[in-house]
Each structure stands twice: as structure tokens, then as C-alpha cells.
């Protein structure tokens, strides 16, 4: 057991994670850290994958990531992690776009530009499923997210799968059709705050401080009071857009502004089903590591049960701290 | 008269100098107009007025979020990283290059290692770098150092080795020991080539800086371009790119002038460099 | 064929005993025997590529003999250059980053300051004065503040000589010191070196391609040549000292010697000589 | 004996050559063992046997998804892009460099443009590159070209200009016109420096290749490294990085040998280069 | 002071009338008047930096006079080098990437193939033969296949001469052609150039620092010097032709002329001369 007093949280620019920037800039995180007599350094990392890699390598104690990346990077690397806060799920924030006036079935035979092995890839697989196609019917071209918008303007690119804000930039271009988005598979792309399970066990203060801060931020940014608008304006600018742009992104995100909703989501049986799909997709793409014999190689613990190997639980959904927020015990 | 012998007059030369830039500007304006006519909210080739707006916004209006003038904040933090990275590389290059060049025992030990390192593209080991050096300022500076140091070391080693052996012999007949020869004969003579080599590697240093800032930073020229790239805000990106070019040009010019002033004996000899 | 005509008066400063020099299979010099008294001025002549520079390198200490011994004051020759032997090359004589005065002061600075190789204050003043005297002696007082690249060829060689002499070496080695100079300037340099040699009691070894230079300056002249040549394997025989002549002021240059200088050691060496340039 | 004069024997030198590599290997092994002890499925510093497995898997077993031998597929497509980019750059560098160096009118027109382009970091203008050259193979090759061509042009221009003016005069007294002088006097003489310059820019070419492949590709060494980074499979990344270093070394060696064989007159003159 | 003693027999090949050469404010040459008949061998001597090379450059066509005219065969001198005037420099004489034979063939190839500058088949054979003859004439037949860097200094100058002569120029310009050669080789070259001059009826202009060379080779010798010097503004007066002497085989070198060569034009020029090296 190792108790510490300074911790590092990494976040990357994404609509559902901008609150951390606001919490840091407005002093809310510091306030909560002080309350638990710890220090929390909030670090912005531009490269999303790099932030998770650093977390996996031990460089951060807590990091934001999606449910799929939590499974394929830290968990698959043997780093036992716990989802302490479920911040939101994508409800239209990720989508498949084709050039021209098309429907999803037209995607057959096309090149699809996306960030390979990411949630976009997963979403595409789900989209193809819905029209009885498989990945073999398209050709996936790995394209870095930073360059996707520019790439879409070239004639070589006819279809992409991506997330916001790239998605809204792309759909704003003339002559495009969004043929599928995450609102058609709600609750499958989930944004989490992960904390290393061992660190968490030794230092529950960290989770308490972060959860407390998070729900204070949630309360502040919601609605149309001047304070909320100021908060969202700040988040908008930090993510490189303006208030209108940011609000549009928020609209396609199912934010859990209240801990109650998050806990309900966490405890529902849908979560374990979703994680099962994700695990199967990840296994099919070799993301669970060479040692994985099947999709159930890594155990995933949720309040409604365990998916996969009970001896090898590396990913946990634990509503304890969100529940404490509801109970005002923080 | 043969084409190779016909030299433009001063005025003519100036006109020729400017010609390709004028052509580029015209092409840009035409292409931009055509795209904007088709889609007025096209962001790819912004009009000149959007550039002016963007520059005004980035350079002369405080950011709403932090109250800072973004262009200057970005410039200062990028320049800091760049100068630190290049400065440290120059120092390492000088010390190891001279030692490698002068001392056979050092050379035997370090030369193959330096060669091996120089063969590895730093971009390919970015993840490793970030894990070893963290995501702070250090890793960005280290990326520059790892990228350009092997080049500087090898160049300085070569320069040291190509000093006329007569000079080293003569210094020995004057009673100097290795350390004295290094300090008083070799070091001052490789400083001008060092400045030269630094000028040549500045381009790579900018590349590594931008790559590093794209992965982890909260300000910097490369960071801003990276951040804004996802919105395809070319009205900001292009001025930033030009600004980087201007900075690169200024740094090159300053280094050249420093070298000219500080080492007259070097430049008197070979005016062409 | 070592018909030395120098009287052995005192302890010789340089003694060479049965020295051979080989690079791998290539025999450059063979069976060298020589004894030189302090204060002699030894001119060394010979065809291009016959091994004159190699011979000088052994005296300097940068090359060691493959066989045989070289004694300095009766002791084995140190394996490195040091202050006992000064040297002047045909080119690259001065340090380009120091002006003439600093070039001459450098030797003093090395011995005065082991750590920095640079002195300050009073010590510097005295070194400076000594160096200025030396520059005056070689006729460079006016150019003390100029960098070598601002000096003409002749002035650079004067500087190189001043630089070597300020350490008061017992032996001065010169490798074609005036080869790159114009005829007029060359004559001035001959006067200068003759004066310095006499005034300071130096022992001088000078390589030259110009026979008349060798004869007029030297108190003794060595001619290196290969007495035997196998045309198919020219590297199987090395050069030897074929003439060793004591000189007085009146002399005629034997045509046989002139012809030795004009030829090149072997066709192969001619190529190499050119590559060295 | 002075340190500068003490040279290691042949055997000693070999030992010194290897020393730093042996030290690095030992450090790696210790660090890897320590991490694996703590977390047996740690991926950051894999054990030697995982490397062997990964190499076996990537190089000698068909991929489950595509049935291809991934390492070779990646190598071939990367090499194709690299050679194409470098080859075209060399050609452009030769033509424009020689024209710029020989013809004052050309030089006046193109030289400032080349300088300006060389100051702009290619990474910063990627979106523009895509739009102009598309997202296919062309853009990856173009990234290499834009990255190294200015360097090659400037180097070749310098080499051309530093040919002894006596040679050009003599050729004119032999009745040659500008074209003939270019073809028979200048061109052959700048080929060896061209090969040299290509060798020096290969490192940058690899950088741009990897950067280009990281942005959009379906195979290639850089693509694989960036893709695999998503699940931190250092057991694959490290061998790939080493493989890139080996390829870079081979290409450098081959170019050096070609130059030595094809231009004996050049290397006879200056053995050191 | 233009006391020419050459008889004006026929149409002069070169006529120089009141030529001045200035670089900005710096007057290098002034008031040059000269008339040279076909077949003359004009040696040009003078102090370093006095403008000899500048004079030759005007004959070559790379520099044009600031004032006055230069006539070639009564016509204004072309502003570019061409085949009428061959040239041999002290250095960089041959193209390093071609072997000796190819170097000599190059001139022929230029005129035979405007597009490629390279010929093949029969045409090549005939050029080759001609070039081999020329190489034989300068004594390089054995070295035809060697690259310049495999040739000694003397051989390179032979090659340069062969290269220039194969175009059968009417005028041959030589700028210190033997300055870098060893004395023995120099003598051979003198013989060679004398023979070629006589055999081919060339008009030769040769710059030299070696007065005896100038006297022994030339049929006429020009001495350039500044008759007036303002010590504070040395560049305000240019050099003129101070002696113009017709030579026969028997002659003595006047000491006054020797002293002119030995000095350098001005202190400032001395520096520049060195920088040129």
C-alpha cells in the first residue's frame, strides 16, 4: 500500500472532457483537492492515445478515456483500472458520413477514412452490422484525427467515420450525408474517468476529490445562467471553437449532469452487454493482446455482473463515488 | 552571348526575385475567389480579409479565456523550447564532437553509438520518448535534442578531424597537452562551423518542435496549428505558418551575422560560406 | 656509402643507428646511420616521395623507426612531439583564429597556464613583450595585430618561424619551408633563417627541393635516394643516405645530385605525391 | 603519452565500439525484468522472448486478417514511397540546382523562392498538401519531396557555383555553349556531391515518410508503428524501429558504394568524404 | 614610356588602344597601348597584384576595358571567351571527371555535336586519333587513360596545353603556367612550350613571376608597373607598361626589372593576393 498526496490527471480536448479544463481554470478542482488535503495536477495532453499510453505506463494516476480504449490499452496491458465517473455517452457525437446524397448501404466497396482501432472503428462495425455488411465490404484507411477534416476535402476521400468536433465540421460541408451516428447505438460509446485500481485502493481521497469536483462543475455549466454561459464559453475557446459550436457538440452528447443518471446507467444490465460487444470487436481486431484466446480473456466487472474471466479482472465499473455524490457524502 | 554569361541588371534581378511570389499570390487569389464563390463559408482558401481578421484576433486581441495575446504567448513558448533544445544540442555537439574528433579512445567508444542513434527516426520512437521523459517541457526539448544532436556531433567530429594535422603537431611542439590543445586550438576553430551546422539543423529543429507540441502542450505555435487544424481554420493556420517561416529566417540571419562579427578570421578566409 | 666528413667533436645531439622505416611491405627508408652535432644546419634533398618527410617525422616523434634507434642527447627519442623540437611546415603554419601576436604568445601561455592555456595581467604583459621582440626579430612588428589570412605567404612563414623559436627549441625542423614562396621573398627568408641559426646556436634540419637553397643555407647536406631499384617491385628497396657532404661557403652543385632531385622516386610515388597536394 | 596520441589497438577498438551497446542492452534487460516482475503483462519494456515472438509473427506468419506477411508488406510499400520521393527529389534537385548555379537569370528567379519554401515546415502545411495532391500515394511522396527538395537544390546550386570558374572559362575557349557545358562539364561533376547530399537527407526523408504514413495509409512501416501505438505493443514497435535503422544504414552504405564505384575520380581526390 | 622595339610588319593580331581598367574607384591599369604581331611570344612580368591577370582577362574576353578598345584581327574583341583564344591556368587546368584522352577530345566533341557534346562511332574514332597524336606531342601518350588526379603537376599542365592546342587557337594565353611546378619539371615544360610555339606559329601571352623564364621563353617582354604611387591612396594610379623589350636569344636580366618583380604593388594588394590563394 502506498498513500500519496500528489496526483496527476490527464485530459484531452473533447466535448465531454472540457469540464476538466474549466474545473482546473476556475479552481474547483483545487478547492476539492484542498478539502481532502491532496494536490491534483490537471494536465492537458493533445494526443489522446498518448495520454492513455502514459497512464498505462504509470505516468498518470487518472485519465479520461472511452470504454473501448479502457479495455484495449490499460486493461489489455495488465493495468487494473476502475471507472470512477461515467461522464457521458455519445449520442450522435460520432458518425459515419458519405459524400453525396447517399444512404449507409452505399458505403459498400468504398474506402472509409477513420482512426483505426478507435471507437470510430467500432462505430463503423456497428453501422455495417445494421445493414448486414461486414468490414470486408469496405476498405478501412487509417487517418489521423487531426487531419481528417482536411482529408475530407480531397477527392480521394468519399466516406469517413469520426467524432466531434470533426464530425460537425465535415457535415457542415456541402453535399454530405450523415448516414449513421452513435444515437442509433446509444450508450455504447461511453466517456469515463479511469483511476488505477491500486492507486484508488490506497488513496480513495483522490476519487472523492475528483468526483466532488466533477459534479460541482456539472452543476455550474448546466443551463443558461450567466455563470453557465461563461463556463461553456471558456470550454468552447479551449477546444478551439465558440459557444454556439460547443453547445452544438453538447447537444449530441448525453451528458450525465446528475450523478443519479450516471449511477443508473452504470448499474443497468445494458452496460455489461455493451462491454461484451466491445470486447468481441476488440478481440476480432487483435486488440486484447497476443495472449488472448477469446473475447472473454479480460474480466470486466460491473454492478450487474462480470463479463469474461473472473481471475483476470482488469476493468471495473464502480459506482461507489458517484453514489457518494448523490448521498452528499463527499 | 551565352546564357550562362548573361547577368541581370540590379533592377532586373529584383524584378525576377519577386516574380514567383507575385505569381503565387495571383494564383492563390484566383483559386480562393473561385472556391468562395461556390461556397461562401469555405474555410480552405480564405480571402485576404479573413486573414486580416484572424491576425487581428490572434495577435492584437486578448483571448477571452485567459486574457493573453495568443500569437505572442505561442511564439514565446515555442521559441523558448526551440532555443533550449538547439542550445543544449549545440553544447553537447561541441563537447562530444570535439572529444570524438580529437581523442581516438573516445571516438572508438562513442562514434558507432552516435551513428546508430542518428539512424533512428525520432518520430518512430515518440511514444518511448514521452514515456521516458514525461509529457512536460523536458520531452519537447529532448525531442529536438535527440533529433539534431547526432547530426551536430558528427559534423563537429568531422570538422575537428579535418583540422590540419600540422596545427596539432605544432601545438605539441609548443608544449601543449591534450586539454590545452582542445581549449585553445581546436575549440575556437570549430565554433564557426558549429554555428553553421546549427543554422543547417534549425529546419529540423522546427519540425521536431512542431511534432512535439502536437502531442503534448497547452501553448506554442505547433500546438495552435494542431488544435485549429481540426476545424480547418486556414485563416489562422496560414498566417501561423508564415510567421514560423519569418522566425526561421530571422534566426538564420542572426546566426549568420553573429558568426560574421565574432569570427572575422573565419569569414575573411572563405567569403562564400 | 656514408662518407660523412663531419668531425665528431662532442656528444652528438642526434644519433641515428641502423634505422629502417617500413609501412607494411613498403620499405621507405633503410640502413640510415647519422650523427649530428649541436649547431649543425643539415639540408636534406632527394627525389619526390623518397622519404624525406618520413625522416623528419621520425625526428619530430610522430613516426617511430621500424628497426634501429634514434637518440636525442644520447637518450631514446621521445615518442611524441615536444618543446625540444620546433617545426615549420610548408603550409598551415599558423593558427588562423589568433592574430600574429597571439600566435607567438601561445607557446608561453601553454607553459604558464596548464589549466586554461591562457594568461592574464602582468604575466600576459611580459609574454606580450617577449613575443613582440620575437616578431620584431623576424620583421613582423608592424603586422602583430593581423590574422594569418591577412598576411602574405612570406609573412606567414616568418610568423611560423617566430612561433617555433619562442619556445627556444634545441632543434628546428623545416619541411620545404619556402617551397610556396615567390623567388624574391624566398631570398629574404634565406637571410632571416641564416641569421637566426647563427645567432641562436640552433640545430636545423631542412628539407628542400631547391638544391641551391640546400647548398647555400646548410652546413651539411644529406642526399636521400634508392641505390637499387627493382622496376617491378619498387617498394622492395628503401632510400638511403647516398651523399653526406660538409659544406663551406664556396661550392658547386654536382650535376649528378641535381639529376637525383629532378627524378621522382617511382612512377607510383609520383601519383601519390600528387594526391597528397 | 598525450591522450590525443594514444590510439587503441584493433582489438581494443572493437571492444570499445561494442561497449555502449552492451551497456544499453544490460540496462534494458534489467529495467524490463523489473517491470515484468511487477506486472507480467506490462507492454512497455517487453522481454526478449516477446520480441522474438513479435518478429516471428510479423515477419514469418501470414496475418490472420489479410493473409499477408505484414513486415514485408510494410517494408515494400514504405521503401517504394521513400525511393520514389528521394529519386524525384534528386532529379529536381539536380536540374534546378545546376540551372540555378550556372545561369544567373534562373538563379535570380528561383533562388529566393527555394529559400522561402525551405523555411516552411512541411508538417505545418499538411492540409494544403492534401488538397493539392490528394490523400493517396502521391501526397506521401510529395511530402518527402517538399521536405528534402529545397535542401538538395540549395546544395547542388552551391556545388555548381563552387566549381572552379577556370573550368567554365576553359570550356568556353573549347567552343562549348551553355547547354554543352552544363551537360558535359557541370552535370557529371555534381553527381557525386548529389549522391552525398542524398545520403545526408535520407534521415529527413524517413521522417517525412513516417509522418506521412501516420496521417493516412493502409500499410507501411510508419503506419504500423502508429497503429500499434494504440495498444502500446512495444514488442512490435521496437523491432520495427530497429528495422528502419537497419534499412537506413543499408541505403546509406549502398549509396556510398555506388558513389565510390561510379566516380573513382572523385574519391581518389578526397578520400575522407 | 612605351618604347616598343617591335617592327610593325603586317596586320597586328592584337591591338590595344588607350585602354584603362577600373574597378569602381580603383584604377588597376591605365593608358595601355600595344600592338602584337601574329607569332610573337609576349612574356608579361610585374609585381604581384599589379594587374597582369586583369590584362589577360581582357584578352580572354571575361573582362572588358573601362575605356579604350582592344582589337582582334582589326575587329573589336568578342565579349566572351571563344575558340580563337586558348588558355592555360596555373591550376584547375583539366576536367577531373574525364581521363586525359577524354579531356583532349572534349573540344572536338563540342564542335561535332551541338546537342549532346558527345560523339560516337567513326567520328569518335577520328577524334580519338587526333587527340592521341596531341597527347603524344606533349609526351602524355602513356597516360591517356589516367584521370587528372592520377597525374603529377607537370603532367597536368601538359594535359592542359594539349587540351588548349587541339582547338588550334590563334592565340594562347598562359597565366603563370609553371608556377606550381618543381624546378626540374619546369625546365622540360619550357622546352615543350618553346617547340610548340615555333612549330604551330602561335601567338602567345604568358604571365610569369620568374623573370628568367620570361626572358628565356619570350620573343618580347612587357613589364607592368605603377610609375607613380600616392602612398595614401595607392588605388588612384594604375599600372602601365613601363618596359616593352624585344628579345633575342642572348640577354642579361636588368637588375632594375628584377626589383620591380620582387616588390608587391601595395601593402593592401599583398593581403588580397594572399586571400586569392
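For the reader, a short list of remarks on this structure follows.
All chains are identified by letter, namely A, B, C, D and E, in their written order; residue positions are counted from 1 within each chain.
Simple rule for what comes next: a contact is a pair of C-beta atoms (placed from the backbone, for glycine too) under 8 Å apart; a residue touches a chain by one contact, two chains touch by 3 or more.
These numbers come from a predicted model, not from an experiment.
Touch-path distance (fewest steps) from chain A to chain E is 2. Between B-E and B-C, more contacting C-beta pairs join the chains of B-C. Each chain gets one centre point, the mean of its Cα atoms, and the points for chain C and chain E are 35 Å apart.
If each chain is reduced to the centroid of its CA atoms, chain A and chain C end up 80 Å from each other. In this assembly, the C-alpha centroid of chain D lies 47 Å from the C-alpha centroid of chain E. Residue positions 80, 149-150, 275 of chain E are each in touch with at least two other chains. Residue positions 2, 44, 126-127, 131, 172, 177, 214, 229, 232, 268-269 of chain D each touch two or more of the other chains. Within chain A, contacts with two or more other chains are made by residues 53, 57, 147, 149-150, 153. Here chain D touches chain A in the complex through residues 39-44, 53-54, 57, 64-65, 126-127, 130-131, 134-136, 214-218, 223, 226-227, 229-233, going by the rule given at the top. Contact residues on chain B toward chain C in their complex (touch as defined above): 164, 166-167, 169-177, 179-180, 183-185, 188-189, 263-266, 268-269. In the complex of the two chains, the chain A residues touching chain D come out as 49, 53, 56-57, 72-73, 76-79, 113, 116-118, 139-144, 147, 149-151, 153-157, 286-287, 289-291. Touching chain B in their complex are the following residues of chain A: 10, 13, 25, 43-47, 50-51, 53-54, 57, 59, 145-150, 153, 165-166, 169, 172-174, 233-234, 237-238, 240-241. Those residues of chain D that touch chain B in the complex are listed here as 2-4, 6-8, 12-13, 16-17, 19-21, 44, 102-105, 108-113, 116, 118-128, 131, 151, 161-162, 168, 172, 177-178, 181-182, 203-204, 206-207, 210-211, 214, 221-222, 225, 229, 232, 234, 237, 240-241, 244-245, 248-249, 252, 272.
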